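Common to both upcoming complexes is chain A, partnered first by chain B, then by chain C.
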Partner chain A sequence: MTFILTFLLRRITQGVVIVSLVSFLIFTLLRVIPGDPVRMMLGPMATPAVMEQKAEELGLRDPITTQFGRYIENMMNGDLGESYLLGESGGAAPSAQNTGGGSVTDEQIVERTKTKSNRAKVLKLIADGLPYTMQLAGLGLLFTLLISLPLGIAGGLKPEKWQDRLAFFTGSFFISLPNFWLALVLILLISTKMNLLPAIGYKGFAYTILPAIVLAIELSPVMIRGLSVSIASNLSQGFVDGGILRGLPWSRIVWRHIIRNSSIPMLNLFGVQIGGLLLGGVFVVEYIFDFPGIGKLTIQAVLQRDFPIIQGVAIFAAAFLVFVNILVDLIATYIDRRLNY
Partner chain B sequence: MTDQNKTIEQQGSSRSETMTRRMFRLALSMTGFQVGLAIFGLLVLAALILPEISSVSATKIAVRERFLPPFFFEGGSLTHLAGTDQLGRDLFLRSLIGLRNALGIGVASVVLMFLLGATLGIISGYFGGWVDTILMRITDAQLSVPIIILAITILGVTRPNVFTIIAVLVLAGWPVYARVVRSVALAERQREYVRGAKILGASDIRTMLIMIAPNILPPVAFVAVLDIARMMIFEALFGFIGIGIQPPTPTFGNIIADGTKYIINYWWIPTMPGIFLILALLSINMMGSSLERARNKIFAGMH
Partner chain C sequence: MTKTTRRTFLKGAATAGGIAAFGGTAPYFKKALAQGRKHITYLQTEPLTASWDPTSHTILGQIYFEHHTYGKLIQTPMRANDPEGIDYDLATGQKVVDEKTIEYTLRDDVTFHDGQKFGPEDVKATFEYASNPERPAGTWYPGQAEVEIVDSKTVRVRAADGSYPGSLFWFLAGFLPIMSADDIKNNSLAERPNGTGYFKFVSREGPTTRLVANADYHGGKPEIEEYISTFVGDANTRLLSLLSRESDLIERIEPEQYETLLNEDVTTVRTISTENKYLHFRNIAPFDDVRVRQAACHAIDRSLILEIMGPAGHASVGQISPVKFGYTDDIPNSPEYDPARCQELLAEAGYPNGEGMPQIDYLTSVGFYPKTKEYGEVITAMLQEQGFPVNFSVMEVAAWLESTFDLSRYALADTGWMTGSPEANLVVRPMWHTDGGILSDCLSEELDGLIDKQQSITDPVARKKSIQTELMPGLAKQMPSFGLFTSVLIHAHDPALKDLYIYPNGPMDLSRATWTS
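Let's look at the complex of A and B:
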């Protein structure tokens, strides 16, 4: 029990350091690179004086360290800030951008963006998107396992046989399919031409299937390769011969010994690679399928320079990856008691 | 090369051929590698030569010839093998020029991230101590930001061009190399030949550059081939989102993005460039995976 406690304490401290580093990096990056969010908020009609006033109001002219200190302070209170552009209802906050033409006075512009309360909380935006993203990621992982477990295990157990080649070529082929292109082609073939599955937007569970397939095809090559490599290397270990000598049935050797021993590297692979790939893949896939999760939120935020959302999501993603890695190491010590992290 | 041979002999290996060459020879004998190399060679030759000698232009707009399907469909012609796009530009040539850009960016970014990551990794593993701690915490932090967030954040708010794209990919990719190289360097530091060299008075830089690097880097470089394909996918993805190289320069990403509007009636506009991209990626991945397998086999002592 003390082991678990010291382990958790150490890893969580490390995790906090990592997440703070990430937030500071992203925070600085967003303020150093060009692109003025005030211009995006107020629209092209605003005069420099008004823009300056707005920037002062948002605290964008303070030194970066001051801004970061304020941000961290708010974060401790569970406040990740408010979106610059999105309104509470989910649509765009009232801003001068939507006015097609005509003369707009500075007072009107200021008036329209002043009421702070109508801007959406970043935390709420993330919380709104999270269930969708988790549903997509979960189904994607399920499909990934369905594809890669049979292929990877069969390929690892029969090196140099057709199973091995099948795993090799499927892996090479899947990893060569760019996710956005595959998404387009699947939408065209399965959704538009054959009318089998719905694709754009979200009106029910069926809308998750096609994006999840794209996600699974992106993830499975890593799993297939990792599985077949680690199973093949376990095959030449002494405990396999030992099992045969002890008269164990082959299926028992495979399931209880080889696969159990291979599950540790697979878990690590999950923590290091799949976590990152899943996050990255979800972003792109959501953007293309117009799926209302965190990924779409982020890509739109980047294209509109909505800093608070980008920061919030980056911190959230980093914290998620840290959490996954701690979880993976805990499960690994449970499967193999010899491990001591 | 001679230094490498020497170090292997110092390790007591009886074989005169270096490990790297044995891995390479083994990979070369694999079907996957041969097929990949053949496709890759053809594509690169086509990408280098055809756009220069062809009478058709990849960027000139010819409204009369727009929406021509590929040659194997009704209404297609042999002048435009892969058909034409909404402005009558030849998709075959546009894809080849896109391939040039993608390959250039892919190779350049992988070489740079390899050099940066390997340098920092060797330094980190060789010296250990606080240098190691700081470098590894930085890689931790950087590995917890998905490449795509980092990339779209930087490219979304700057003006994307070839150099910023390569810079972003290098920035996102070096930590993995630093981690791998560091872990090998850490083990290598304990080896007899390194200690021997130090006793003989070799400087740190000499030990790292001439002794350790040639021994540990080639196997890592083998796997780096796979990353070229990954970086090419990222380059295409950036173009697709609109944060890659800007039109009129054709890249896979922007051809596909432009063609998406016409996908229902003129499916070939976004599909054809995709097929070229997939062929290129497939060939690189087949070579890369074969190299990786050869490496694993040699390491496992099977050959």
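Let's look at the complex of A and C:
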């Protein structure tokens, strides 16, 4: 119990430091790379004076440290800010009261230059996209395991045999398929030509299957290879010969000893894969399939320099990765008590 | 001892595969679509902004959206056979009263979506609000306007300071969405779109916006009962979505996609746009010398660029599109491809064969316009062939948008300019008058004089002649920007969708669109 408490305290403290560093790094980089969010908000015809006014309204002309301090303060209060470009979801237009119309005064015009808008809350955008991304990532991981476990285990148990070659060939084939290309080909064949599965957007669970297949094909090679190598190396360990000499059934040696010993590196690999899913594959796949998760949200935000969304997602992703790594280490310690992370 | 044999492995793999194929996916192995024939799903290439206020932006995607929800006094469809034709919308007529004033007579049977009656006070509030130079979209208009309400059906529009003739609104009024005076007064424009258009706003969920037919539309309720518009950034995704009939209508088809679509069961529409593509010169060496600018124009063979553009390009002469008021292809001093003349001019400017010329940084974008990178490389090669030391840079959209307006950094920049009216001043003034000069600063008082002169002419015939015979040759002489070609908009839609009209700046008129069986 004491170990777990110390472990969690230490790792969570480390995690807070990591997330803070990532936040500051992302926050600073966004403000130094080319690309002005105000231009993206107002369009190409906006004059420099109007753009400057908008930039000041958004606080973008303050020193970066001041902006970051303000951001952290708001974040502590659970506010990740508002998107520069995306609006809140809205209902039907309310019926306005007839106030008589009439002309507009100069004071009113000046007041209106401080544009009122319906900018969407970043936290809500992330919360809205998260279930979709989790569904996609979850199904992708399930498909990955369905592909990788039989191939990887069989390949590891039969080094130099056809099972090993099949695992190697499948992994090599999958890894050579770029995910964006594979996504387009699958949409064209499976959805457009054969009408077997829907693909673009999201109107139900069926829309998750094709993108999940693409993710699985992207992730499987590392899992297949990792499994087969790990199992093959455990096969040559003394405990396998010992088990055989003790007369243990082969299935017991495999499941209780070889696979259990192979599971720790696989667990770490699995943790990294989840990070890879979040930061890489899911983003690209969601964008191409127009899947309404966090990945699509992020790619659009990057293209449009929507700083609050990029910052929010970066912090969320960093915190999630820290959490996954803590969890993986905790499980690894549970499997092998000799480990001390 | 039990070993994994080929048979047990195959049995396990088949079981796992079976679970995956039938347990997980079988129930979904059919189209999850039920495409109705009373709604349109449209995939847009630009997202809408957080504000519904039409004056809060200059973004094309949102201008397209506003076309469905907001009416205008007039519409300027810029048809190929009648680019200057006008259709009356909320106005029943317009006339130039005097040198300073234009008068509109208004319909009296129109209501806004919130049920309020449309009247002259709405026109007054709209013109005065939208033309305020402090509004982001105020830059479309020549200056602060002032509106006099003559009676319940008549308004007169003029410049607040008398600096420009009211006749400038002859075409410009076709670009200005009429807003409710109450919305302007109550500062509620940003909250929801409330116009007089044929579709009414229902909801916005993430990138998807829903509109429904406006039963009270003065032109009659549209047959299309629901319009669903979704922002999809990737061009291939949009195309595949149309081919699988998950969407009905898509825009900005890439040239190579167009060739593919010709063999598919879809209707493609090519529209010569209001947008010319330009090579802008900046007032830094060597282009601070007009002879070098002219030489560069003579070095570029535009027919090669048009070959690259394919169906997305249209040959034009001069600086404005053929659908613009004042376009002419008879500009005697417009530079043509002529390497010998290029060398003469370079020698005169002190750079024989390009010797001694400082490095030229040329900026273009990728992902915004079609083929910019491809034809940029060709332009670079053609200029280098004549001795111009060109360094070609390609940037993604956001970085490019910021850099392209920095006139001191890149001596050459490639952009287009899409405007929503036949009015030539929407192009000429912001780009080549010293009041604007937003993309080129190779300007002069002489050019200012020519722009001001045509703007001050109230007689449309005389004004057109001034643009064609004085301003266009003046631009060719000064050459702040070289017109490469006119863009062609390519849309594609389900062939059962009929009677939609696509404006040369991109918006679509769906008020009379129908589904056929």
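As a convention for this text, the second predicted complex is superposed on the first by the 308 of 341 C-alpha atoms of A that agree within 3 Å, B and C clash if a C-alpha of one lies under 4 Å from a C-alpha of the other, contacts with A are read in each partner's own complex, and residues count from 1 in each chain.
Everything that follows uses one rule, which is that a contact is a pair of C-beta atoms (placed from the backbone, for glycine too) under 8 Å apart; a residue touches a chain by one contact, two chains touch by 3 or more.
It should be emphasised that the depicted structure is a prediction, and the values quoted were computed from it without experimental measurement.
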Contact-wise, after the overlay, does A:39 reach chain B, chain C, both or neither (first, second, both, neither)? second
Mind working out whether A:242 is in touch with chain B, chain C, both or neither, as first, second, both or neither? neither
Looking at the overlay, does A:86 come into contact with chain B only (first), chain C only (second), both, or neither? second
Return first, second, both or neither, reflecting whether A:188 touches chain B, chain C, both chains, or no partner chain. both
Let me test your reading of the model: by the given contact rule, A:287 touches which partner, first (chain B), second (chain C), both or neither? both
Using the touch definition from the top, say if A:59 reaches chain B (first), chain C (second), both or neither. neither
Quick one: name whichever of chain B and chain C touches more residues of chain A. C
Which superposed partner A:305 touches (first chain B, second chain C, both, neither): both
Where on chain A do chain B and chain C both make contact? 33-35, 184, 188, 192, 287, 299, 303, 305
Residue numbers of chain A touching chain B in their complex, please. 14, 17-19, 21-22, 25-26, 29-30, 33-35, 168-169, 171-173, 175-181, 184-185, 188, 192, 225, 229, 233, 236, 272, 276, 279-280, 283-284, 287, 298-299, 302-303, 305, 310, 313-314, 317-318, 321-322
Where on chain C does chain A make contact in their complex? 1-4, 6, 9, 12-13, 16-17, 19-20, 24-25, 28-33, 47-53, 56-60, 113-116, 119, 121-122, 124-125, 128-129, 132-140, 180-188, 190-194, 200-207, 230-234, 236-237, 240-241, 243-244, 246-247, 395-399, 401-403, 405, 430
Please give the residue numbers of chain A that touch chain C in the complex, ascending. 33-37, 39-47, 49-50, 53-54, 82-104, 108-113, 115-120, 128, 142-143, 146, 149-151, 154, 157-158, 162-163, 184, 187-188, 191-192, 195-201, 203-207, 209, 244, 248-251, 254, 287-290, 292, 299-300, 303-305
Within their complex, state which residues of chain B touch chain A. 32, 137-138, 140-149, 152-154, 156-158, 226, 229, 233, 236-237, 240-242, 252, 256, 260, 263-264, 267, 270-271, 274, 277-278, 281-282, 285-286, 289, 293, 296, 300
